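Worksheet: one structure, shown below.
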Amino acid sequence: MTHKIAILGASGYTGAELVRLIATHPGLEIAALGANAKAGQSMSAVFPHLRHLDLPDLRKIDEIDFSAIDLCFCALPHKTSQEVIAALPRDLRIVDLSADFRLRDPAEYEKWYGNPHAAPELQKQAVYGLTEFYRDQIRNARLVAGTGCNAATGQYALRPLIAAEAIDSDHIVLDMKCAVSGAGRSLRENLLHAELSEGYHAYAVGSVHRHMAEFDQEFSALAGRPVAVQFTPHLMPANRGILATSYVHGDAAQIHRVLTEAYADEPFVHVLPYGEQPSTRHVRGSNFCHIGVTADRAPGRAIVIAALDNLTKGSSGQALQNANLMLDLEETTGLMLAPCFP
Amino acid sequence: MTHKIAILGASGYTGAELVRLIATHPGLEIAALGANAKAGQSMSAVFPHLRHLDLPDLRKIDEIDFSAIDLCFCALPHKTSQEVIAALPRDLRIVDLSADFRLRDPAEYEKWYGNPHAAPELQKQAVYGLTEFYRDQIRNARLVAGTGCNAATGQYALRPLIAAEAIDSDHIVLDMKCAVSGAGRSLRENLLHAELSEGYHAYAVGSVHRHMAEFDQEFSALAGRPVAVQFTPHLMPANRGILATSYVHGDAAQIHRVLTEAYADEPFVHVLPYGEQPSTRHVRGSNFCHIGVTADRAPGRAIVIAALDNLTKGSSGQALQNANLMLDLEETTGLMLAPCFP
Amino acid sequence: MTHKIAILGASGYTGAELVRLIATHPGLEIAALGANAKAGQSMSAVFPHLRHLDLPDLRKIDEIDFSAIDLCFCALPHKTSQEVIAALPRDLRIVDLSADFRLRDPAEYEKWYGNPHAAPELQKQAVYGLTEFYRDQIRNARLVAGTGCNAATGQYALRPLIAAEAIDSDHIVLDMKCAVSGAGRSLRENLLHAELSEGYHAYAVGSVHRHMAEFDQEFSALAGRPVAVQFTPHLMPANRGILATSYVHGDAAQIHRVLTEAYADEPFVHVLPYGEQPSTRHVRGSNFCHIGVTADRAPGRAIVIAALDNLTKGSSGQALQNANLMLDLEETTGLMLAPCFP
Amino acid sequence: MTHKIAILGASGYTGAELVRLIATHPGLEIAALGANAKAGQSMSAVFPHLRHLDLPDLRKIDEIDFSAIDLCFCALPHKTSQEVIAALPRDLRIVDLSADFRLRDPAEYEKWYGNPHAAPELQKQAVYGLTEFYRDQIRNARLVAGTGCNAATGQYALRPLIAAEAIDSDHIVLDMKCAVSGAGRSLRENLLHAELSEGYHAYAVGSVHRHMAEFDQEFSALAGRPVAVQFTPHLMPANRGILATSYVHGDAAQIHRVLTEAYADEPFVHVLPYGEQPSTRHVRGSNFCHIGVTADRAPGRAIVIAALDNLTKGSSGQALQNANLMLDLEETTGLMLAPCFP
């Protein structure tokens, strides 16, 4: 049996990545592609790499008939998403890839995003989409909120450690290296090849990046008290990948053990042998996350490094993994693509 | 039913690419991985991006039991391949990815490769592996010789045109731009990041690249008389992709028509709408080849540009496509992966 | 003695490159920087790599006092340039880097650029700025028109050959590989890192690129009859550099001799030993042009490859070389910077 | 007056960078180039980007006549350097770029480098080459030991802060992003373009990188007690640049003030306006170091980020700056080249 799905915001990179993944998924059929600004165009005009697929043309979202849709992916920009989703049929199941429903507390949302939430009722219903940790709730959710790509990477490295109190939650530094596709297909000077190639740099310095709000929410909930990490993202001259280097206080051997056990049965999160380092090239284009643990020479300190593909495990792959759960399909369906290296 | 396959030369890029593709192929099982220099190592030690797969360890080729193998991929270096294959069981079906069996004429082989062929009997049997043009022979072949990656790209652009006499075979210039993975994982100064990034240049200038021999053989056979194109490859600061820009004498509209008809039923070779240009990013990691045709302002001249991924359609994807035929599987099985963009 | 210069259009890449070069030029002082859209900003806000320099702030062009300026570089966009220059004091000497004054024939200008020229009188006066071939006229010119970067590269490879009739002017194919900075700092989707990295492709296919007009003008003048080359530019995943691969009919040894003699006394144009190939990394950031000559295996055919840095020898370095001549300075002053490799 | 210099180890990247810089230095003449493995070759054969220079051929070090040399740059590999320098004339002034003389304590040297020092007497004489902090000693030194490129970057960010006790020396995390040219021109798999492009990763994790020894030595001396920072380098898909992100405990405003005052009169070290971030593209190819300071949202914590070009300010530029001092030349001579961006 095939489930019909729609993708809203299909003209962006995460929309295209959803199509790429669904292209070899045996249980899903793309029935509608929404993209208001490019409505009327074919998908292959917007993304020529998808020209071999038989896809519906892009159309305006309010012209889509959702009655035949089993599940809707919403890959729209922040703020737009909440308005569009509020107007969708109430029984339509939704996987949202925007930031709009990640924060449970409306006050936190307003603090980080600068505007009151337009759909606070939906916000309450939404389940945080970090699959490995919200699996049961996701299965039954009507609305799943995909995580930030940086937020996912840092949480894979740290959640089991905070939960097990294997590290000191008051001393966590998260230094993150982020590929440029995370910024989307928008026309901004710092995303130009001539600016970025041979030009890496930090941004949102001072733990003020919006994905910070997710760390605050999730790590504090795990610890049962406020946890505030330090987090600095850096823009990399590369297209895909996030590498999160975490500096923690804790025993490296125990940290490795806790992480290894936590992910022992996970198909997509792999803890490397002690002392090995992950690399973004080893997860590129795949739904895998690799985690490495090494002791610092300073006793009681360790480095935990996680790598994943921001467009796959960090957003569209995660979304598909969640959709599989919601549709009662095998969770890994369509997601076992091996990384594309070199 | 699952066919057991072996991959000899699994520690190189084309070997790894075979494993990547076969990882989601429903009808093949990797039963043995041969790599003499790295025998004893696990595949994930050599290629950590494949660590999620349950693969046999690398072993010496002469320690592999071929009796249970249905088909053997041979991704060994040139010259090594012919010796290894000569020693394999006579009933084992083989897809070779090296240059050793591409040329039918032993004298041509010796001229281009500098040594007499070590297995001239096998050379006679081998079928040239450009699937779309040798499909029937491949189906029944015992030994299929994978084409050069440059040779494949140029032939997709030009074969139907030479066959249909839509272009003047005496005036063909093939300017090729080749990503670095085509040179393999060998340690050579010009393959270093510090040398290649921001440093593109021509090599094997003067139509002396060995893939030239394939153009000579194939184009001359098609034309029924000697055809000698001009061909210059250029090394690109990119990991995957070949872009072949062909300057031809002929009517662009007719050229577009001939190519469109020639590939109308082909699943992997796509002729773009007239005047559109292919890009390597639109085929990256996939088995597709895109071809664009545009008229030059000079009457009677046209530009035909083909793009493919050298590791996929240019070698390992082609090899798998041929294996599918040889094993009587659907030709496209495991090969419909969408390109990995961005 | 120091000459005071102004740079109009200082907020673009060629403007910044002029500042970079003039920074270590002993005879020039930057007295004014014009940039209408960014007027009021400091140069280091727009180009932080220039923050060590003591530069005037950017200001509106019509607020600049040109009475104290000895020479004005005009690095404005095409079409804007002709209007601005028409309004400048009639005795101000100007090196223009735009396309506006490259074509001597107003009809040709209108054909290629789509609008009638706004300053046809100035167009008549302008001297074409390919230094090595217009040196004497440049010395005494009031207005010098910098060449297109592709146009410069192709001409260095071919002018002496056409002039000496060492090649057949009816059979010239120019396949060009162009780094992205040639497109300027404009916000266009195809210039994004995520699009261009791992994605090279042809553009302006069919010999319709506007630099074509310069080839037509210059080569025809040299040959004394219409010469129309075929020219296809390709966008490279690199920031600086143009590599022009020319396929010509002629004797390679003679071609090498003609080029070697033509450039024997030139400080910036170097013909490599016969059979060696230039690479963009060997000219990066410098004012040098390297040219290689190799015979094709087809008798009577040869490949001539030229490499230069599009921002330096292809535009701003050329402009400074011309300014040196106009100001009666040593031609190489400030331009002997070695290439920045790796 | 011109000083004659020699460069030993001229066939590596730091040797080539010395030549690039000296090419426009008015007071130095390259009298000898030593490179044992490539002796007999011309410099332009090894580094074609230097072909415009009139340079002596490479020769064996023991064939160089040092009697006419005023100063010798030694850019040899670690361990080789100490043996070669021990054999040089005792009155020859030397700027060494290797690691051999950076550590004052022979026991520390042996601990980090694994062998007893071969020239402990020389080790005692050597002055640590971080110009801004050892200027007076360098002026009179016979042997100056160039710093590690990572070590330089971290020290520019942190030395004034440790000296002024503006930060807590027990809580310093140094996360470093290092371009590939820092690894030299050696043939190693992880330096290949196909491996590094789209593949960034940490290495020497656990504060075990050898440059760590310099941090230990210098920071402890400044603090008057043992200081041990945490330091993790990451290999970047870029050719030049180091970005050091330091996480420190201290008041950001005070930190900014201390750094601003410390470097107020320095020609090459620039502290950016509070809250601005440095980028490697803004120092590429230059001798400048940019430093940015930002407060973390966590009170009492700050981020200090330094960027420099590893080949210039991080090694060869530093070496030339020191040579200028030793030869009683203006310290900035030949070093005011503007960064090469884009």
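Labels for the chains are A, B, C and D, by order of writing; each one numbers its residues from 1.
The criterion applied here is as follows: a contact is a pair of C-beta atoms (placed from the backbone, for glycine too) under 8 Å apart; a residue touches a chain by one contact, two chains touch by 3 or more.
The model shown is predicted, which means the values in this text are computed figures rather than measured ones.
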The larger set of C-beta contacts, choosing between B-C and A-B, lies at B-C
Per mean C-alpha coordinates, the chain lying farthest from subunit B is D
Chain-centre distance (mean CA atoms) for subunit A and subunit B, in whole Å, is 36
Separation of the C-alpha centres, subunit B versus subunit C, in whole Å, is 39
Shared-interface residues of subunit B (touching two or more other chains) are 13, 181, 194-195, 197-198, 237-240, 279, 281-282, 284, 341-342
Contacts from subunit D onto subunit C in the complex sit at residues 13, 16, 19-20, 23-24, 47-53, 181, 198, 239-240, 267, 270, 272, 276, 278-279, 281-286, 288, 290, 311, 336-342
Within their complex, subunit A touches subunit D through residues 171, 173, 175, 177, 179, 194-195, 197-203, 205-208, 212, 228, 230, 232, 234, 236-241, 243, 245, 247, 275, 277-282, 284, 292, 294-298, 301, 303, 305, 307, 341-342
Listed in rising order, the residues of subunit B that touch subunit D in the complex are 13, 180-181, 185, 187-189, 191-198, 237-239
